[in-house]
Structure formats: structure tokens, C-alpha cells
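Both of the next two complexes hold chain A, though its partner changes from chain B to chain C.
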Partner chain A sequence: MKIYERLNKIDRRIIYAILFVVVTLPLIFPSVLKVTPMTPVENLFTAVDKTTDDKALILDCSYAPQIKAEVEPMAIAVLRHAFKTRKKILVLSLYVEMIGLATRALNQVVEEFNSVAETYEDSIIYGRDYVFLGWQPPPIVPMLGMGESISNIYVVDYYGNQTDTLLMMQRIRNYNDISILVALSGSRIPISWVSYAQNRYGLQVGVGCTAVSGADFYPYYQTGQFTGLMVGMKGAAEYEELVEANHGVKGRRVASEAMLSLTYAHLIIMLFIVIGNIGFFLHRRKK
Partner chain B sequence: MNISTDPWVWIASILSIAILSFLYKENPFFRAAEHIFLGVANGYLVTFYWHRILMPILFRPLFQQGDLLLIVPFIVGMLYLTRFIPRVSWLVRIPIAIYMGYWTGVLIPATIQAQIIKQVQGTILTAPNFQSWNAGTSGIAWSVIVFIGVLCTLSYFYFSREHKGVIGFTSRIGIVFVMIGFGAAFGYTVMARISLLIGKLQYLLGDWLGIIK
Partner chain C sequence: MKKRIPLILIFVAGLLGVISFVIPHPSYQVYDAWIRNDLLRVLSAFAVVLALGSLLRVHSDKIRRKRRNWQYSWLLLIAFAVSAIIGLFGGVAADGILPTTIGSFSYDIQTLYENIVIPLASSMFALLAFFMASAAYRAFRVRSMEATLLLVAAFIVMIGVLPLGYSISKHLPAFVQWILNVPNVAGQRGIVLGIALGVVATSLKIILGIERAWLGGGE
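After this line comes the complex of A and B, so read on.
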């Protein structure tokens, strides 16, 4: 068999095996890969950072298990940022199957902070520092309804407490009291937030999305409809970098740990694309 | 190495490997895992919708607390089931019409504003758009590229005239922009898929086998 024929007939399982090794080794033998935050991520970070004491931010954790690897690190990074800088935060999910992952991220970060807190003031307290609103179907109801009254839409929170009795909710009534909404999603939910909540109530929307959605979402960032944008695992790693560099928040940085694997995997795929094309052109020339 | 003793981690890991085994070839382990996933996902959703929507929002208020206004959505919702009775199956049109009417009213103005007017504004060559690139004076160049790209791409999708002359020229430029867009989307898709593989390997090597901390 000629070389160009071999190049065109590489067994896909060999490619998978090489990719598996290339991705796995940097995870087992990690080394630091410096991540440089890009402007869209910096803008999101700055918008969250600028949340004043009289306002809160909303974190919409509408990501499903199949995209957890990309989006959960974003949720954890934003929560760490909010808790470290004592921003009030409301957490919600627009779909029921995502509630479990939102609870998981929230519990993990609250536990991280409370395990090192020495006083009640240092601790992250439910109702004072954060509220988990849970899930209210269908998505358009909270999107529009929270512009009038958050407590009317989420009468009870995820844990069954009357929302308007919670300390934090005495001052947080509707979108006027919200600095920014950060929508973490693998679907077009962020665009729905823009279409309904931003158009009608002027809510600032920041986004964390999967890499697949990135190309679709950049036009909304360019027009200013998205205040900031984190795309894929790399976006999450950039936000992790900003949170650690600016606020000294220590903790496992899952997305940053994956950057070396991601880089090597991209290089190997680029190599395969080049090899495949060389094989294709050689084959065509021989014909 | 610190292997997990949590049975749920073991179940999740074994099922993950069963699914990944499809990369080698189709096999009974993959099919079993696929069927388990479908069954569990459907069961989870049905149970959750029953306990978190139908019971607290409809049945309990209507039948236990006497909120009679809810009889209207209850009847409208039940009309969906008339599809199974051929003699009255036409009644299904009522909930479908209500649903379509509602969503058309809600979607059209919001979509036009957010996805057409604002996006067109972002294409126009104005000072705020130049600044939106955060690139100093080269923001003008980026805005001009977007402006040309949008017009040329639109001309490529203009099929009412043959692509000759000016339209032929602009549509050829348009296809270059379209291809660059596809390339960007493909690149991002590769990144997304590799990220998911990394996430799964982090789980298998970390949470399950304890090889990575």
C-alpha cells in the first residue's frame, strides 16, 4: 500500500487511542499552563466585581450533565468570586434537570468558604449572602416576571422558605436591584434573557456558554447585548485565573488543570488534519 | 492511588466506560448503558414533573384547596389527550392554537428587537461600534470588515438574480466569510468535544480511580 493510501486509511481507533493518551498524560502529570484572560471574560469579571452592596447578581445555572465539564467550572468560579467579594447572589435554574448540578456547585463553594470561616460574619449564610430560588416553569415566566417582583414569581425558594421572609430579599425586589445576570448554559437561553429581560427591563446579561455556542454568541457580545462572555473550558479557566489573581481565592481550578490536555489535543488534531489533507492531495495527484 | 468506595461512583464510571466502548465498536455493553440512560432519564423527568409541576401547581390547588380558576388550564391541557380518541381528536387543535398564539405574540416582538434590530445596529459604522471592539483605532477596521462581511454574505443568499456582475463579485467574497464562520464554528466544536472528554477523564481518573487529585 502506498503512503498516501495509508494516510487516507488510518483506522479511527488509532486516532482515538492517540488522543486518549495525549489527553490523559497531562492530567496525570500536571504542569502549569499560564492562561491569559481575554477581554470578553475580563468584562464579565469587572461587571460582577462592580456589583454594589445594595444590589445582587443572579446566576442562572441552566446547564445539563452532558456539558458539565465546560460550564460547571464557570459556575464555581463565579460563585467563588461573589462570595469572596461579599456580593449578594441569587441562584436559579430554568430547567428541572439542571437543579441538581446547580445545588452541587452551590454546596461545594459554600462549604469551601464556611470550612475556613472563623466567625459568623465570615461565613456564607443562606438568606443573608445567597438565596437558591430553584426552578419555576416555564422559563419565560421568571424571565419576565422577575422584572416586576422576584418574590411573586418564586413565592418559595428551593428549600421551601417563603422568599420574601429571607433577609436578603427585603432589599432585592426586582431587576432594578440586580446588577447583572450571569447565564450559564449550553443552549440559546442567554439570548432569551436578552430578548425578554434585557429588552423590557434593561437587565445586564453576562454569559458563560459551551464552545459550540461561542461562534453564535460573539455577535451579541459585539453589539453590547452581552456584557461579557466566557466560552468553553478556556473561558472558565480565564475566569478562574482572574478570581485567583485579583482576589486570592484558592481552590481547585478544574478548567485550568485541563488547559494542557486541551492544548495538546488541539495540536494533535491539527496534525491529523494536515496529514489527512496531505494524503488527500497526494492521492488526487496520483489519479 | 485512592480508589473510590462509593458504589454510585462505581456505577457512573462503569456506565461511562460502557458508553465510551462504542468508540471501538458497537457492543452489548454500550447498548445496555444506552437503554439504562434512556429509561432513567425518562423516569426521572416524568417523576419530577409529576411532583414538581402537576401536583403543587395544578392538582393540589385545584382539588384540595379549591382554586377553581385552575379548571381552565386543566381542561385545556386535557384536550391534548383527545388525540387518542379519533371521534374527538379535532379538539387537540384548541390547546395547540392557544400555545401557538401565545408564543407567536411573545416571540415576534422580542426576537425582532433583540436579534434583528440590535444586530443590524451593531453592523452600522458608528463611533460606539468602533469602540466596542476595545481595539483603539483598529476598531474602525474591524467594524468595516463586519460591515463588508454582512453585506457580501447577504448577497450570497440573494437567489432572485443570477450571481453575475456585482452580485457575483460580492457573493464570492460572501462565501469566504461564510467559510471562515464555518471554520470558527468547527474549531469551537472540536474544543467543546475535547473538553467533554477531559471532563469525563477527570472524573474517571480522579473521582473513581483517585489517580489525579
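After this line comes the complex of A and C, so read on.
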């Protein structure tokens, strides 16, 4: 077999095997790669950071298990940021299949903070520091309805408590008491938040999305409809970096640990594209 | 009559949906809030029941008639029954009337979700990376000027978004941001405007009864 034929016809199993090795090795021996935060992520971080004591932020965890690897680190980073700076936070999901992931992220971060808390004041208390609203179908109902009254839409929270009896909810009534909503999703849900909640009630919207859908969201970021934007695992790693650098939050940084794996995977894919094109050119010249 | 009632319903519902955005007067917004917060939620609850009923019917029928891959339908029905029973009676925080632990073994709805649904869904999606790598190697050929431009832009963005990009040049990530903010946004905005106009036109056709394919039934 001639050289260009070999370059053109690499067995796909070889590609799979090499990719498998370069992706898994850095995950087995993790090391945190330093990332430099980009402006869209910094803008989101600043908007969350500026939440005043009389306001809360909403975290919409509408991401499916398929994109957990990319988006869950964002949820964890935002929750760490909120809890460390004592911001009040409301968590919800717009679809039922995503409730479990929101629960998982919340449980993990609450446990992280409460395991090192020494006093009741230091602890993260349900109803005082955060509320898990759960799921309310169809999505347009909470999107528009929370502009009038949050406790009318979520009469009970995820655990069955009367929402308006929770301490935090005495002051948080509707979007007027919300500083920013951070929508974490791999679909077009963040655009719906702009269409309904922002256009009608002026709610600030920040976004965390998959790398694939990032390009779709840039027009909305450029116009200022999205206050900030975290794109893919790199965006999550940048937010983790900002939270640690600015507030000294220690904890496992899953997205930052995966940066090495992501880098190698990108380089390998690029290498194979180059090899394929060399083979293609040699073959064309031979013809 | 079978077609006229749905057409009247869609006309009224469509009109009410549009009007709420152009009449901000409180007297109308009260009705709008009632439609969204009460009526819509009741309708969605019916839709959930209808969807579950339909799912069960389709798979029961498949088993009864022993259609292709009917064995998998048993899996679906068993998984459906188990998760429904545990979800309904085990409670969302494992605090329901149904015990969800045997010794140290826990089988509450969250544990099932974290140990079955998440790994299965994540694994399926992870396979995409391998197919993408193989497909990029086979299909990403510099055959024309446009393909060359696409490849160069893709390489710059791929390197620029990585931490490696900053090590190569401090200006590379900023250049990548420019690509995403300017040429990408220009293209995306054109597509978004086109889609929006298409959605408006199709919605109007449906509301006015010009487009009737959604009614089904063919001729």
C-alpha cells in the first residue's frame, strides 16, 4: 500500500483507540491547568458577584445527563460562588428529567460548605440561604408567572414545603427581587428566558451552555441580552478559576481538571485532519 | 365539525397569546395570568397523563403482537413501573411511605437516577467524540476555497479556546473572541432573523386556518 493510501485509510479503530488513550489518561492522573478567564465569563461572574443582600439569584439547571460533563461544573461553580459570598439563591429546572441533576449539584455543594462550617451562621441552611423550587410545567408558566409572584407559581417547593413560609421567600416575591437568572442548558431555553422574562419584566439573564450551542448564543451576548456567557467546559473552568482566585473557594475543580484531556483531544483531532489532508493532496498529485 | 372546532380553538388561543403582549392593561393581564397559570398547567397535566397512557398502550400492544424487538418493551414497562412506584411512594428525599433502603443499600429515586439514568445517557453521548474524530478525519478535506477558510477558522478557534492558545500568543484568545463576536454573529443573526420571520409566517397561517396539516387525517 502506498504512503498516501495509508494516510487516507487509517482504520477507524486506531483513531478510536488513540482518542480513548489521550482522553482518559489525563482524567486518571488529573492536574489543574491554569486558564485565563475571557470577558463573557468575567461579565457573568461580576453580575453574580454584584447581587445585593436584598436580592436573590435564580439558577436554572435545565441540562440533561447527556451534557452533564460540560454543564454540571458550571452549576457547581455558580453555587460555590453564591454560597461563599452569601447570596440568596433559588434553584429550579424547567424539565422533570433534569431535576435529579439539580438535586445532585445542590447536595454536593451544600455538603462541601456544611462539612467545614463551625457555627449555625456559617452553615448553608435550606430556606434561609437557598430554596429548591423544583419543576413546574410547562416552561412558559414559571418564565412569565414568576414575574408576578414566585410563590404563586411554585406554591410548594421540591420538598413539599409551602414556599411562602420559607424565611428567604418573605422578601423574594418576583423578578423585581432577582438580580440575575443564570440559565444552564444545552438547548434554546436561555433564549426563551430572554423572550419571555427579560422582554416583559427586564430580568437579567446569564448563560452557561455547551460548546456546540455557544455559537448560537453569541448574537444575544453581543446585544447585551445575555449579561454573560459560559461556553463549554472551558467556560466552566474559567468560572472555577474566578471563584477560586477572587473568593478563595477550594474544592475539586472538575472542569479545570478536564482541560488537559480536552486539549489533547482537540490536538489529536486536528492532527488526524492534517494527516487526512496530506493523504488527500498526495493522492490528487499522483492522479 | 371535527375540523372546525380545533380551528376555532387554535384561532382563539393564538389570538389570546398575541394580545397579552400588546395589551399591558391590568384588566386584561388578569385573564392572561389565569390562562397561563391555571388553564395551561391543567392542560399540561392532562398532556402528561395522555403521553404516559399512550406510551404504555404502544408497548403493551408491541408485546401482545410480538412485534420486532418486543422484548425491549418489557424492559421499558418494568422500568416504568419500578420508577413510578418508587417515585410516587418513596418521596423525593427518600421520606415517603415506601422504605427505600435495605441495610446500606439505597434505592430511592435520586439514587436510581444517579446510578442508572446519568451513566447511561452520558455514555451514549460520550460515544459522539469518537465518531466526530473519525468523521473529521474522513470528511474535513480542503477541496475548495470555502472549505479552506472553514478549516483555518476551525483550527484557530479550536486552539484559541484552549488554555494552549494563551500560551502560544496572548492575542490569540482575543482574536478567537473576535471571530465569534463578529463573523459568527453576522452569520447567526441572518439565520435567526430568517427563522423568526418563518415562525411568524407559519404561526399566522396556523392561527388563520390557512395551514391545516397539523390537523392530520390527510385528505
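Basically, the second predicted complex is superposed on the first by the 285 of 287 C-alpha atoms of A that agree within 3 Å, B and C clash if a C-alpha of one lies under 4 Å from a C-alpha of the other, contacts with A are read in each partner's own complex, and residues count from 1 in each chain.
Keep this in mind: a contact is a pair of C-beta atoms (placed from the backbone, for glycine too) under 8 Å apart; a residue touches a chain by one contact, two chains touch by 3 or more.
Every value quoted in this text rests on a predicted model; they were computed, and no experiment measured them.
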After superposition on the shared chain, which partner residues are touched by A:Ala69: those of chain B (first), chain C (second), both, or neither? both
Let me test your reading of the model: by the given contact rule, A:Met38 touches which partner, first (chain B), second (chain C), both or neither? second
Touching A:Leu101 in the superposition: chain B (first), chain C (second), both, neither? second
Touched partner set for A:Leu27, first chain B, second chain C, both or neither: first
Per the contact definition in the header, classify A:Val254: touching chain B only (first), chain C only (second), both, or neither. first
Which partner chains sit in contact with A:Val141 here, chain B, chain C, both or neither? Use first/second/both/neither. second
In the superposition, chain B vs chain C on chain A residues touched: C
Output check: A:Gly202 vs chain B and chain C. Expected answer is one of first, second, both, neither. What do you get? neither
Intersection of chain A residues contacting chain B with those contacting chain C? 16, 19, 23, 39, 66-69, 97, 137, 140, 211, 214-216, 219, 222, 231-232, 234, 262, 265-266, 269
Chain B-facing residues of chain A, complex: 13, 16, 19, 23-24, 27-28, 30, 39, 66-70, 96-97, 135, 137, 140, 191, 194-196, 198-199, 210-216, 219-220, 222-225, 231-234, 254, 257-258, 261-262, 265-266, 269
Show me the residue ranges of chain A that touch chain C in the complex, using the header's touch definition. 10, 12, 15-16, 19-20, 23, 33-36, 38-40, 64-69, 97, 100-101, 103-104, 136-138, 140-141, 144-145, 148, 152-153, 158-160, 200, 211, 214-216, 218-219, 221-222, 231-232, 234, 237, 259, 262-263, 265-270, 272-273, 275-277, 280-281
Hey, which residues of chain B end up touching chain A in the complex? 23-24, 44-45, 48-49, 52-53, 106-107, 110-111, 113-115, 118-119, 121-122, 132-134, 146, 181, 184-185, 188-192, 194-202, 205, 211-212
How about chain C: which of its residues touch chain A in the complex? 21, 33, 36-37, 40-41, 44-45, 48, 92-93, 109-110, 113-114, 117-118, 120-122, 124-126, 129-130, 132-134, 136-138, 140-142, 151, 155, 158-159, 161-164, 166, 173, 177, 180-181, 184-185, 188-189, 192
